[in-house]
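Right after this note come the structures.
Two complexes are shown next, each including subunit A; its partner changes from subunit B in the first to subunit C in the second.
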Partner chain A sequence: MLARPIKNLIRELRKLPGVGEKTATRLALHILTAPPERAENLAHALTEVKERIVPCKECHQLTEDSPCAICASPRRDRTLLCIVEDQVSLISIENSGNFNGLYHVLGGRLSPMDGVGPSSLNIPDIKDRVRNLGVREVILATNPNVDGEATALYIKRLLEGTGAAVTRIARGVPMGGDLEYADSLTLGRAIDGRGTF
Partner chain B sequence: MPGELDLAFVLRLVPYRDADLVVTLLTQHHGLISLMARGARKSQKRFSGALDYLTLIRATFKKPRSGMGTLTAAESARSYEKIRGDLAGYHLAMHFFEVTRLATREGDDANEPFLLLGHLLTLLERGGDRTSALRIFHLKTISHLGYAPSELACASCGAGLHESEAHLHEGGLICPPCGAGSGAPLSKGAVNSIVRATALPYENFSSFKLSMQVEREIGPVVEAALIRALGAEPRSLEQLHEMLKA
Partner chain C sequence: MLARPIKNLIRELRKLPGVGEKTATRLALHILTAPPERAENLAHALTEVKERIVPCKECHQLTEDSPCAICASPRRDRTLLCIVEDQVSLISIENSGNFNGLYHVLGGRLSPMDGVGPSSLNIPDIKDRVRNLGVREVILATNPNVDGEATALYIKRLLEGTGAAVTRIARGVPMGGDLEYADSLTLGRAIDGRGTF
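Moving on, here comes the complex of A and B:
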């Protein structure tokens, strides 16, 4: 029923994560009915991102220039290194405005069931980075779930003997939360990880 | 409709769309089920931080006659905190979850695998021997799939295998004459360990210890039998070997 180019577009859109048949069809029809320059801009943006974006040779975040703006900035504290799973976590921490050190993006986390081990991630060069930069503190900011904890544990072991202090982001009750509604696991960890007030 | 309530282990979590999760559970009374947990990655309210591996959960879910059901709430009944803090234990537990998922189908009676997982996680949480736990798990899983030796008798000719060497083949133990041409047979000690581990009652898990020599002998054979029985090699196996070596 649909013309071949439309079918092709739907097929390609369906390959995107979280996009099913209906969403792909809706997006394809939207692109078709939108002004021509919008489709051209989208096509240009897709091509440009693939041509110009590379992983930073230092921290592995996706960037136009390598080293990235964070790694190249003289205003960042080079003795603080924050290890995150992915670009999204890096953006979230940057948006908090509370961190002025450097990052190291792992490109995922340990996931034995998916065959993802340390060698599949940007883990092997962490130790050299810590030594070369003279890092005094490494902050492990992997997600607080079982796989993220295992990844943090692996890196902590890897960094033994480097002289850098290894810390873990705090876990516990969120701001604006109510203890009455906190689950026992989160509350237990909040108590375990309490800080001096 | 209030939904069903059951104890469950989380075997697989797959992110779906922005905030949802597709959750595969091994429940005590409803077997293996895959459910959609809407908003699980954003809101901790209905799932209270419990929706993760290495947690025994009380799951509330709605299961339609066809299609995927919905996980409406989950709370932690038990968390295996010591395994979470032990890299080798973590890899072992992830291997248990993956193999259990590969060995179980929706609609199967999964009470045995459920109890096996519970007892093995408790054993690891108490610092039990990891290699012995791994082989108990492999042999009981092979047995559950109908491929393991249940007694000391040749699966081919029926000859007794007491105090005898044997081969481990698809379908069970094979006496040396029946298994001629398939390499060196397993020693008497290895054969006894295989049969003991396969039939071991849950309450005796902590008393079962494989010697290094027997492990070296049976490890590769048991894993090959497991892969044959599953029809695929578990992806977690390679990482597990690395971690158990370290």
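Moving on, here comes the complex of A and C:
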């Protein structure tokens, strides 16, 4: 009942994460009734991003220039390396404003059940990077779930003998939250990981 | 901190309805890490939809061919005309499966406060269409909110003297809502339970 190009656009939009049939339809019809530049600009941005963006040869974040602005910056502490699963984590940590070192983007997490081993990720070059940069501390900032913890543990073992201290981001009750709503796993972890106040 | 083409893509995605900063960032990074065809196909679908889609010269729905498949179909009841605000409403009613007549898409609703009068919408040609088709019943299926009700009332008055019965969908659909979010059962009930307006 819908014209083929509209159906096609809905099908392509549905492939985006978190976009179902209704959202895709609403987006498609919004695009159709919006000024033509809107669709053109979005199409152009999509094409450009695929043409111009490359992974940084050092930290593997997606960037226009390699090495990226963070790796090339003289103002960053090159002896502090934060290991994250993906670029969304990197952006979140940058936005928190509490970190001034370099990053290393794994491009995922270890998941043997799905066939994701160390060589599928940006893990093999971590050790060389830590040595070449003379890193004094590696912060493991993989996500606080089963796969993220396993990935952190794997990298901790990998870095034994490099001389770098290996730390893990604190896991506990979120700031601004309420103990009442924290799950028992998080609360248990918050008790176990308590520190001097 | 993010590369310019990525920022640009995020900015364009944010213009979509219901997409905020976090969702746009997540979508952009998903697109970046997905296979390249994903972005190409979406860009192509966006371009194609703007190039190939035209409004049907009869019912004004967006279509590849004018007249559209519904207006051209010999299986539709041409004496029954359903007036909707936009294509999302048309799709919702089609999906309910309770309607087999023709449609008339207004392209919006009357809203004098925003300067939207009858001539800004596909209202002037309704009367001729009703006469030329020999319509026996016009179903007003504008949204059940203030503007939609006012638009329905305006069209009811416009059609006085044409001989067509004017009905309004039963407000089984919750007042203040939007057709887009109604489930098909409610929409079907609204079509079946229509009454004199």
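Simple rule for what comes next: the second predicted complex is superposed on the first by the 189 of 197 C-alpha atoms of A that agree within 3 Å, B and C clash if a C-alpha of one lies under 4 Å from a C-alpha of the other, contacts with A are read in each partner's own complex, and residues count from 1 in each chain.
By definition in this document, a residue touches a chain if its C-beta (ideal position, glycine included) is under 8 Å from a C-beta of that chain, and two chains touch if they have at least 3 such contacts.
A quick note: this is a predicted structure, and the numbers were derived from the prediction, not measured.
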Worksheet item: Where does A:D183 make contact in the superposed view: on subunit B (first), on subunit C (second), on both, or on neither?
Response: first
Worksheet item: If you stack the two complexes on chain A, which partner ends up touching A:G115: first (subunit B), second (subunit C), both, or neither?
Response: first
Worksheet item: Touch check for A:K57: first (subunit B), second (subunit C), both, or neither?
Response: neither
Worksheet item: Counting residues of subunit A in contact, which comes out ahead: subunit B or subunit C?
Response: C
Item to complete: Please work out whether A:R131 is in contact with subunit B alone, subunit C alone, both, or neither, and reply first, second, both or neither.
Response: neither
Practice prompt. For A:G18, decide between first (touching subunit B), second (touching subunit C), both and neither.
Written response: both
Discussion item. Just checking: does A:R157 make contact with subunit B only, subunit C only, both, or neither of them? Give me first, second, both or neither.
Written reply: first
Discussion item. Quick check for you: in the superposed arrangement, does A:L9 touch first (subunit B), second (subunit C), both or neither?
Written reply: second
Discussion item. Is A:E40 touching anything from subunit B or subunit C once the two structures are fitted on A? First, second, both or neither.
Written reply: second
Discussion item. Under the contact rule defined above, give the subunit A residues that sit at the interface with subunit B and also at the interface with subunit C.
Written reply: 18
Worksheet item: Which bits of subunit C are touching subunit A when the two form their complex?
Response: 1-6, 8-9, 11-13, 15-18, 23, 25-34, 36, 38-50, 52-53, 62-65, 68-70, 86-88, 91, 94, 107, 180-181
Response to the item:
Within the complex, subunit A is touched by subunit B residues 12, 16-18, 44-45, 48-50, 52-55, 75-76, 79, 84-85, 87, 90-91, 94-95, 97-98, 235-236, 238-240, 242
Discussion item. For the complex, give me every residue of subunit A touching subunit B.
Written reply: 18, 110, 112-115, 117, 145-147, 149-150, 153-154, 157, 181, 183-186
